[in-house]
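Got a structure for you, written out below as C-alpha cells; questions coming shortly.
Labels for the chains are A, B, C, D and E, by order of writing; each one numbers its residues from 1.
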Amino acid sequence: MDLQLKNIGHQYGDLDVVRGIDLDIPRGKIICIVGPSGCGKSTLLRLIGGLERPIEGQVLQVGTPPADSINPLTFVFQDFALLPWRTVEGNISLVLEDHGLSGKEMEAVISDVLARTNLSDFRKALPKQLSGGMKQRVAIARALAVRPAVMLMDEPLSALDSQTRELLIDDLVTLWTREPFTAVYVTHNLNEAVRLGHSIVVLSRRPGEIREIVNIELPLADRTLGNHQLEEHQKRLWQIMREEALAADQELIDD
Amino acid sequence: MDLQLKNIGHQYGDLDVVRGIDLDIPRGKIICIVGPSGCGKSTLLRLIGGLERPIEGQVLQVGTPPADSINPLTFVFQDFALLPWRTVEGNISLVLEDHGLSGKEMEAVISDVLARTNLSDFRKALPKQLSGGMKQRVAIARALAVRPAVMLMDEPLSALDSQTRELLIDDLVTLWTREPFTAVYVTHNLNEAVRLGHSIVVLSRRPGEIREIVNIELPLADRTLGNHQLEEHQKRLWQIMREEALAADQELIDD
Amino acid sequence: MTEPAERQKLVDFRGGGFVPRSNRWIGLLIFVAILIAVEIGTRTGFITSLTLPIPSDVFATFVELWRSGLLWKHLVPSITRLIVGALFGVSIGITVGILIGLFSIVRAGLAPVIAAIFPIPKIALLPLFVIWFGIDEGSKYALIAFGTFTPTVVATYGAVDNVDRSLIRMGQSFSLTWLSIVRKIVLPGAMPGILSGLRISLAIAIILLVAAEMLGAEYGIGAYILEAGSLYDLERLFVGVAILSILGVTVSAAINWVESRLLNWRV
Amino acid sequence: MTEPAERQKLVDFRGGGFVPRSNRWIGLLIFVAILIAVEIGTRTGFITSLTLPIPSDVFATFVELWRSGLLWKHLVPSITRLIVGALFGVSIGITVGILIGLFSIVRAGLAPVIAAIFPIPKIALLPLFVIWFGIDEGSKYALIAFGTFTPTVVATYGAVDNVDRSLIRMGQSFSLTWLSIVRKIVLPGAMPGILSGLRISLAIAIILLVAAEMLGAEYGIGAYILEAGSLYDLERLFVGVAILSILGVTVSAAINWVESRLLNWRV
Amino acid sequence: AADTKINVGALRFTSHAASFVAMERGYFKDEGLDVSFKFFQAAQPMAVAVASRDVDYAVTAISGGLISLAEKGATKVIGGALLEEAGIDGQKILVSDAAFKAGVTSPAGLDGKTWAVTQAGSSFHYMGSKIAAKENAKLSFKPLQKVGAIIGAMKSGQVDAWSIVPHIAKPLDKGGAVHIIGNVADYIPNYQVTVVFTSADNATNQRANSQAFLRAFSRGAADFNAALVDKTLGEAAAEDMVKLVHKYVYVDRPYEKAAPSIRNGAMRISTGAALHSSSIKDQLNWFKSEKLIKQEISYDTLVDSSYVEQK
C-alpha cells in the first residue's frame, strides 16, 4: 500500500499552516520531512494518519493494506505516549485488545516485538522505571505489534539525549534492514534525516510548502557516523534551511 | 581566576555519584564535560558552582575574580530557568537588583547584554512569547549581565531543536571570539563538545570518573559543520563512550 | 493519472473529540428551562407547596425585599462579615502556609495540627465561639476567618511546595538573598496555587455566613435564611439561598478577573 | 604544589534549603505540648472552665463513653451514614463529572448549575430535606450525598480535563474504540485528580455529619455533639469534636493508602 | 383498630413525659396503637416531619414554623400539653450575674436590656415580649439559635436576660453564674406552652386514631401530674415516675444525677389535653403584630377545635 498526498492545505482558524503539498509515499521507503519549527510538520503527519481532516486536498491510500495489518497507519510519537499505569507488556496489549486476538496470539505478538526491540527483560517494568531510550523502544515495539503498513514517526528521537539517539538510529536501521517498512519520519535534525531517509522533503517556514526533495541513494546500512557523502548532504540541507530556521526562531509567540 | 578540582567525590545517600575527580579549569578556555546520562555531570557542575558541598575533596578558586564581576560563578541552565512572570528585561534586572547598582548602571548593563545577544527588540516580551532559542539567549544575556569569571553551562542547548541549536552554537562561538570567557560546558552531545570545547573531559558511567581528556587545538571560529578533523574527534569520542552509553540506557530506574 | 489496477480510497478520519467546551447560552437556557418546569409543576400542584415554592413568588418576594430597602440592610452586614472574616482568615492562612512551605520546623509542628482541625465542623463549636469571641461581630468574623483559614493554609503550602525548585536554585546561583528569593521567586510562583485555593476558601466563607449569623445577628443574609427556615417560609428561604448563590458566582468571577490580570504570564 | 603568588580559597556554598520535610515526631510533640499547656492552664484557673474543658476530664469522659458501650452506639450509625451518603454522592459525582468532562452538551448544561449550587449552605436547606427525604436515614444520606456531590463533580471534570490529550490521540491513532479510550485512558488518567478531590469531599462529608444529625437522629457523633452543645457540656463537646477529628485523619490516611496502591505508577 | 402503627415525635425533655408514661404503662396499647418514638434535637424539624408525614403526632411550642405549615394546609393543632399555672413551678426568668449585680434583681429592671432568644418567633421571643409589655420595658432580642449558645452567652454576661424551663434554670442559678428573678406564670397566666399537633390529613381523616392518641396521652399526663406536679401519690410513686422518665431523658447520666433534674422539670400537662384557646389566640395575635406570619391566618387555620375541650 502506498500513500498519495494531493494538494494538501490546512488552516487553524486564520492561521495558514501547510499549503499545496503534493507527495508520494512509496512502499518500503523512509521519507523524512524536515523544516523549521512551527512549519506544520506535525500537522502534516496528523493529516496523513487521519487524526485530522485536511481542509484542502486529499490523502489517498493506493492499494489495500496487507491482510494481516491490524492498524495500517500507525504513529510513533515524540513524547512516547506510553500509559504510565500500564507495564511495558500492558502498553503493547492495549493496542491489540480491541481487535479480537486470542490470548495466545497476543502473547506471541508481544514476545516477538519485545525480542525485536531487545526489551524482553523489561516486560513487567512500568514506564517510570525506564530511561527515555527504553521508553521510545517500547513505543516502537507497540507500533510494530499492530503490523503497520506505514509508520508515521513524529520526531521520535528528539526527546532523547544525543547518545541514546545515536543508539536508536542504529536500532531503526537494523530493524529496517532486516525487514523493510514504509515510514514517514518527521524530524528537525538534519543528521537524523540523512542517516534514515531514502528521500528528504524540506518544508519552508509557515505556511509549510515543499522547498526541495533530496534523494539519497546510499543504502541505510552504509550510512555510518562521519560518512563524507552524508556530511555533504547535511551541509547542503542546512544551507537551504538556515535562513528559514533563523526567521522561525525569532518569531514572537502570540497567544 | 582559575578553578581547581581536587579529588572530588560525592554521594547521595548510598548512591556513589562522582569519584576522584581532579581537574583544572584555566582562564579563557571552554572545558566540555561529556558522559553517559546519570553519570554525575550535573552534580559535578553544581559542586563547582557551590550549589552543593562536595563530600570528598575540594573545589578551589585560584586567584581573585575581576573586581567588576558581580557573580563570579554563574550558571546557565538547560531549562533556561526564566521567571515566567517577568519580562526579558525583568529577568535580567532580577540578578542585578540585590547588588546595589543604580538605575542607570542597571539600564546600561541590560541594554548592553541584550544587544550582544540580539534581543534588543524583545525587551518587553514575556517568556511565554519566546521560542526556545530566544529563551536560552535571554538566559545567556542574564548570565553575561553579572560579568561572570566562569560560566557554568549545564546542557544549555539540549532542550532546543537541532536547527536552533546550530544557530546558538554559532552565537556562542561569536561571543567567545569577540571576548573570550571561561566556561565549563556540560553536554551529552559530542558534536556540541567538539564544536565548543578547548578540551573535552569524558566521564565514565556512574560513579563518574574521568576516562579521558581530549584537547582540540583548532580555533573555535574554524570549527564549521562538516569539518573533517572534528568528525574524527567526534567518532573517536563516540567509540570511547558507546558501551558506557548503552549500559546507562538499559538501566532500570528504581525509586 | 492513477494506476487503474490499484484501488484508491481516502484515509479514514479517526481523530477529534474529547475537547468539551462550555457554552454560556446553553447554561442559561437550562437554568430557564428548570425554572419554567418548576413554575408549571408548582402552579398545577404537581409539586406541592410544601416541597418547593413557586419561582415567580420567589421573584416577587425578592423584588419586595429590594423595594423595601431591607435587601441592603441584610446584604451590607453580611458582605462586611465576609470581607473582614475572609481577610483575616486568608491573610493569616497565607502567612502560615508560606511559613509551613519554607521551614521544616513549622511544617513538622503545624501541618498535622491543621490536618486535625480541618474536619471539625464549625457549627459544632458555636457555643464556644460565643465565649471566645462574644456574640457581636467578633464571633462572626472569627467563625468565617477560622473556616477560611484551614483551606487557605493547605492550598498555600501546597503551592509553595509546587514552586519550581529549579527557579529557586537559579536564584541561589546568582547569589540572591534569601529574602529576595522568597519575595521574587517563591511568592509569585505560588500565586496561581494560592488563587485557586482562594476559590475554595471563599466558597466556604459564603457557606459559613449562615453558621456565623446563627449568633445574635439581627440582619444579614444568613439570619434572613435562618428566620425564613424557622418560619418555614419557603419563598424567603429561596430568595436567601439565591442571593448566596449569586454571591458565590460573583466571587468566582472576581477571582477569574484577578487571575486574568495577575497571572497573564501563564502559558 | 600551588603557585604561591595566587590566593586560593574554597568556592562559597550557596545552595541548599527550601526543601521542608515533615517529621511525625515533632508533630506529635507539639500536640502533646498543646495538651499539657491547656491542662495546666485550665487546672490553675488561668483558662476559665467556661472557655475550655480540662483535657484530662475530656479524656475521662471519652473513657466513660467507651466503657458504657455508647461510643459504638454513636459511632456505628454515624459511620454508616458517612459511608452510604458519601458512596452515593461520590459515585454520582464521579459519573456526572466524567460526563461533563467528555460531552460538550452536558458541560454546557450542568457546569453552571453545579457552580451555582456549590455555595449554597446545606444547613439552610435542612427543613426542605425533611420534606424531600423524610426524617429517617434518607435525609441524612441525602444531605451528605448532596454535600459530597458538588466538590466531587468539580474535581472529576477538572481531572478529566487534565488527562494528557496526547495519550488520547495515541489511542485514536491505534483505532481504539471510544469506550476503550474512556475506560483505559481517560478513567485511569483522571484517577489522581479524582482521589485528591475525594480528600476534600470526604472532609466535607464528616463536617456535614453534624448538620445531618440535626434531623431526628437519636444516636450518632453529630447528635452527641449537638446535645452536648445544647447542654453546654464542654467535656462531651470536645470528646465529640475529637472523634470527628480522628475520623478525618483516618479517612485522609485511608486515601493515602489507596493512592499508594492505585497510583504507584506515578513518578 | 388493633395495632395501628404510628410514629410519635419527641424531644428528650421532661416536658414530653406524658407520651413516655403512656408508652411505658401500655396506655397506647390499650387504645390499639403501636407507637414508635422518633427523637429530635430541635422542635422545628419535628414540625416539618409531621408535615411530611414522617411523624404522626408530636408535641411542641407554637412557633412561626408550625403556623406556616398549618397555613399551607399541612398540620393542625389538636390538643394542649404543657401549661403555665400560677402556683406550680414553671418557667423562670433569668438574668446574667453581671446584670444582677448591676441591679436587675426583678423583672421591673429589665428596661433597655438584651433578651436571648433562639430565633425570632420562638417561645422565648414571645415570653420576652409579653414580660416587656407588662413591665413597660424595652428589650432588644438576640437570636442565638441554640440553647447551648444562649447558656454560654448568659454565663459570660453577653446577654442580660432569658426565660427557660425550671430544670435548666435551677442548676444554672445554683452555679451562681445566673440568677432567677421571677416566674413566667406571673406574667402570662394560663400560658399554653406546648400543644399536641398532627398532620391535617390525620386530623380530618383519621379521627379515631387521633382521638385514641389523645386519650392515651391524657392518661399519661394525668399520671405524671399526680406523681410529680400535684404529688398526691406519695414519694414511692414519685420515684417510680422519675425512674420511668429516666428511661428517656438524661439516659447517659446515672440515676442520682438525673433525678433532681427530672423533678425540677415537672410542669403541669393540661388535663384531658385541654387547649387554652385564649392563650393560643394571644400568641397568634402576637405573631401577627410582629409581622412573622400572614395577617389572614385565623385560630381555625391552626387549630382543629373538635377534639378537646377549649378553655
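Quick note on the criterion: a contact is a pair of C-beta atoms (placed from the backbone, for glycine too) under 8 Å apart; a residue touches a chain by one contact, two chains touch by 3 or more.
Since we're looking at a predicted model, the values are computed, not measured.
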item: Touching subunit D and also subunit E, the following chains; value: C
item: Interface composition of copies subunit C and subunit D: same or different, split at half; value: same
item: Top chain pair, ranked by how many C-beta pairs fall in contact; value: C-D
item: Length of the line joining the C-alpha centres of subunit A and subunit C, rounded to whole Å; value: 47
item: Whole-Å separation of chain centres (CA-atom averages), subunit A against subunit E; value: 83
item: Centre distance in Å when subunit C and subunit D are each reduced to the mean of their C-alpha atoms; value: 16
item: Multi-partner residues of subunit D (at least 2 other chains); value: 14-15, 50, 126-127, 131, 169, 172-173, 175, 226, 229, 232, 267
item: Subunit E, residues touching no fewer than two other chains; value: 44, 48, 51-52, 65, 146, 148-149, 151-152, 155-156
item: Subunit A residues counted as touching two or more neighbouring chains; value: 49, 51, 73, 128, 255
item: Contact pairs between chains, per stated definition; value: A-B, A-C, A-D, B-C, B-D, C-D, C-E, D-E
item: Subunit C-facing residues of subunit B, complex; value: 49, 51, 71, 73-75, 77, 79, 81, 83-86, 94-95, 97-98, 126-128, 146
item: Contact footprint of subunit D on subunit C as seen in their complex; value: 14-15, 17-31, 34, 50-51, 100-113, 115-128, 131-132, 165, 168-169, 172-173, 175, 178, 181, 186, 200, 203, 206-211, 222, 225-226, 229, 232, 234, 237, 240-241, 244-245, 247-249, 251-252
item: Contact footprint of subunit A on subunit B as seen in their complex; value: 36-37, 122, 125, 128-131, 133-134, 158, 161-164, 166-167, 188-191, 225-226, 228, 231-232, 234-235, 238, 241-242, 245-246, 248-255
item: Subunit C to subunit B touching residues, read off their complex; value: 166-167, 169-177, 180, 184-185, 188-189, 191, 263-267
item: Subunit E-touching residues of subunit C, taken from the complex the two chains share; value: 49-50, 126-128, 130-131, 134-136, 214-218, 223, 226-227, 229-233
